[in-house]
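Before I ask anything, here is the structure I am working with.
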Amino acid sequence: MTIELSGVIPPLTTPLTVDGGVDAESLERLCGFLLEAGVDGLFVCGSSGEVALLSDAQRNRVVEVAAGVAAGQVPVLAGVVDMGTARVVDRARDAAKAGAAAVVSTPPFYVKPHPDEVVRHFRLLKDAVDVPVIAYDIPSATHSPLPLRALEEIARDGTVVAFKDSSGDVDGFRSVLTATADTQLRVFTGSETVTDLALQLGAHGAVPGLANVDPDGYVRLARSAAAGDWAAASAEQDRLRRLFAIVDVADRGRIGFTAGALGAFKAAQYLRGVIESPRCAEPLLPLADTEIASIRALLEEAGLPVAR
Amino acid sequence: MTIELSGVIPPLTTPLTVDGGVDAESLERLCGFLLEAGVDGLFVCGSSGEVALLSDAQRNRVVEVAAGVAAGQVPVLAGVVDMGTARVVDRARDAAKAGAAAVVSTPPFYVKPHPDEVVRHFRLLKDAVDVPVIAYDIPSATHSPLPLRALEEIARDGTVVAFKDSSGDVDGFRSVLTATADTQLRVFTGSETVTDLALQLGAHGAVPGLANVDPDGYVRLARSAAAGDWAAASAEQDRLRRLFAIVDVADRGRIGFTAGALGAFKAAQYLRGVIESPRCAEPLLPLADTEIASIRALLEEAGLPVAR
Amino acid sequence: MTIELSGVIPPLTTPLTVDGGVDAESLERLCGFLLEAGVDGLFVCGSSGEVALLSDAQRNRVVEVAAGVAAGQVPVLAGVVDMGTARVVDRARDAAKAGAAAVVSTPPFYVKPHPDEVVRHFRLLKDAVDVPVIAYDIPSATHSPLPLRALEEIARDGTVVAFKDSSGDVDGFRSVLTATADTQLRVFTGSETVTDLALQLGAHGAVPGLANVDPDGYVRLARSAAAGDWAAASAEQDRLRRLFAIVDVADRGRIGFTAGALGAFKAAQYLRGVIESPRCAEPLLPLADTEIASIRALLEEAGLPVAR
Amino acid sequence: MTIELSGVIPPLTTPLTVDGGVDAESLERLCGFLLEAGVDGLFVCGSSGEVALLSDAQRNRVVEVAAGVAAGQVPVLAGVVDMGTARVVDRARDAAKAGAAAVVSTPPFYVKPHPDEVVRHFRLLKDAVDVPVIAYDIPSATHSPLPLRALEEIARDGTVVAFKDSSGDVDGFRSVLTATADTQLRVFTGSETVTDLALQLGAHGAVPGLANVDPDGYVRLARSAAAGDWAAASAEQDRLRRLFAIVDVADRGRIGFTAGALGAFKAAQYLRGVIESPRCAEPLLPLADTEIASIRALLEEAGLPVAR
């Protein structure tokens, strides 16, 4: 029940068929596309995977397919995002059964937990499942931040083996690294845009949504970082920052923020020929053709081959 | 597939046994306690029912038990709180099967939907289930407010039959009443503390969490309001406002906000002899004995009989 | 050093000449327009008066002009909005010298004060000036709410004689009324849209920005309330709510929220022939002609005579 | 009217006498203490200088004293923090007259400006004064962020010569550097805790409040950065991060956040023998003796000599 995570672990989008089901074939192709780029793990059913919008059955199917492709080459982490402990435990048991090597949980949300209640949540989850548990901080989605003192406590006693930080707070991330330096916790940034800084600060790896679109870029960045070549890492990061502009092309007067950002990842994957349809899960609305054209232009500016 | 809701519809707490399971016997007693007070409906699996912390199986059990006790005397509404459309549809089908007369859904959350995506969510939900749909706005929990123009649209075309407002925004509530006055929408306030004002503004009823503790008070308040006796309604409201102080007795340095507030409702029900245990669902921590003693004192000040 | 405030006290806009100076002639006309409608006081240099954007010299001039017109018939209250105690004391001494009957201060802002520091601020201010002090809560502008326990303390010991609530929180307003019922504090709502409810709850009066445009409406509303005719008050309120839509006509893609709202008040006063120019203080941008046309239409719908 | 800023420019605290006046002697000693450490400029009347709490007369006195000590060796920048353009212009003219080499302004606050109104503010300010203008983004205080597109516009046309970022947003800071790379804008971080990263990203310098306490540390950090020795910069940063814990020693149940943080800087300067009294401006409450003892311990842990 241990796992040593590091490197680039993309949080996969969930390819859907035009009628809204999990598109297993596209998902297999996506897993292959990422593995070929040299990623170190696959994180399915994360926020980039529209976990909030997938049914339990869809989530389980996604884990199965990814675990099938990964076949033990790299670990498949599964997001078990839900509001409370009992619900997360149910999701986590399903995910483990479907082949997940580890499960990824946020603190309870919708409710407003105390740090000690957050600690309790993770301990109960750990005791309930046979796979390692990873803590996930994404307050922009949960509005329930993972307090540093709770994280430190569950890192220190081995309740969680890793941590994904999607808070956007570099200063706080540095505090996590310092506070857990003498523990076994593996610390990952969820940032697309300051990944190089996170690695320089000592992060064990990165889980950037944009790696769905340009996994080679993030693998190069991580390798430069591992080699201590910060200038090269920074240059790669700058290229990826320009590419990340795809998440802002959508007109937010017409579709929501999530539809615009995740739709952009999917549109880019569609344009690159990796998945069959750029559609997002209900009730998200699709990007307009002009917006997809802007994404195509940004892919080309970033030097990425476009298949469609 | 229609339902004409009005009056006091308490959002029931979910009584749990000491080992964390649904305490069906206590729940039956609670339903009876509320019906005896003259409430006009039962809303289970709402925020006061710790919906975020109950498993699907627990939610279904709660609906079954309440529907069994209500036995058609009053409608049982079931919260189907989840993050996205597919998930909410699954919850809603379960709830309908378990006997719910209507289902209550928030807008999608965790994601950031556009108003048109919120509309789409409710339309897809309505099309997927055989019971009426009620819209629920509780941004303090979801951080995804229900925009007025989305609500107006789904009220006008009959997608939703009712609306529960737990935003705390009296001005916005008044705008809802004005904007939907010429539709069939039944509008409910979720407020414990300005229920009288909401009724005076024309609300069809109230869904106050504190009615778990003092249903007679809210029934009296609503009857005074229906009779146009605003002075009596206001006096009753003032008494209930003092009682509502129970939600603030907990030390928030030790337990979370939700544990403090919902724990107070349950402690009061326990003290009144309605339920067997004041415990909340995992991972919420319990109130301290001194805090329960403060709740007892507030019950007594409010003139409520205490059984324990 | 006492003052018994009640009724409708409009927070005056500050008319400016086309080159940005205080337009004393328009301000005199505005004061006259309001007094003729039967208002019970004049509040200059409030948020509606663009206090944040006026120089000290301009503020002092505004107080002088208003005090000159009021000539003791009604009290002139002066906003002394600034960030810290020393600065507010300087503003307050100027205002008193210029003829203000009382000064209106928010808690310190820009900094983050403790409730006890807020209490200390008001006590130091009271000790430093010869006119009564009024507390002003407008967290949307200051982001520094006036805590209830601080307000209760400074009401109880007579540090402040009145309170203006522009928090938008009806429930909190009710708590203020309850907590200070046994003190001499005069409690005013700053709401344009639930003024009737505030008066019904026991407020001593109202300070609604929209009274700049339709003082007669608010005077009628207050008189209906004083007579206990809540149906008439509510009907008047509903008319004023429709008129209040003027603050939303501006395109917020082009000008800011403050420019849109205060610009609408001034445009309406300009259209009604009360002031000579609708311009706001620097750096706010002006409304477009089409937006002013929309305001004209709303004035006409509200039954208000338009002079231009 | 130009100025080429770079390096470490501490935002000085404002030493006060026990009766609350500006303590010119302590301020001179503080300027000397900082200059001796090798700082590249002095920024007075910033947020760390309690600018919000100083009267205009106090602000002018502070600028005079600092300009006197600096005597042209290094530039003295003066914060001209106020809510609107007319007010900021008045402050800026005073500051220039008192000897400031440049003035530092936030966007308008209290009001809610549009980006184009922010641009207009800075252009009007620039036209009104004879010294260069620096833009200051500190949304935690102003709640009025400086939009990137506004900053880019006023950098490009030379309206502002420099920018201080106290947003805490490293990602946004990087975007500023990229967007203004081809302009003359000098970009400074206001961060105490990720100063090394900011310099590595290409910042021209730093304005860290903690440099009030340990200027030598920040000068060493900046020199390591200038030499490309990121390991040394990072090690120095880690030491300074531990020292920065002084801002959290105060009990926030008793005094406010600002009193706790700025009081800690002053207590540390007092303990180091630089200033005569640790008191803050009214209405801030003082640190407790036990809290000052904790600060002493942290100073000693950081290897700083303590004089008292």
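We call the chains A, B, C and D, going by the order they appear; numbering starts again at 1 in every chain.
Operating definition for what follows: a contact is a pair of C-beta atoms (placed from the backbone, for glycine too) under 8 Å apart; a residue touches a chain by one contact, two chains touch by 3 or more.
Keep in mind it's a predicted model, so treat the numbers as computed, not measured.
> Tell me which of A-B, B-C or C-D has the interface of A-D again, with more than half the contact pairs shared?
Repeated interface of A-D: B-C.
> What is the distance, in whole Å, between the centres of subunit C and subunit D, each centre taken as the mean of its C-alpha atoms?
35
> Could you tell me the distance, in whole angstrom, between the mean C-alpha positions of subunit A and subunit C?
That gives a centre separation of 49 Å.
> Could you pull out the residues of subunit B that touch at least 2 other chains?
none
> So with touch defined the way it is at the top, what topology do the chains form here? Options are line, ring, star, complete, other.
Topology of touching chains reads as a ring, each chain with two neighbours.
> For the complex, which residues does subunit D have touching subunit C?
The contact residues of subunit D facing subunit C are 20, 47, 50-56, 58, 81, 83-87, 89-90, 108-114, 116-118, 120-121, 124, 141-143, 252, 254-259, 281-285.
> Help me check something: in the complex, which residues belonging to subunit D touch subunit A?
168-171, 174-175, 178, 191, 193-194, 197, 200-201, 230, 238, 241
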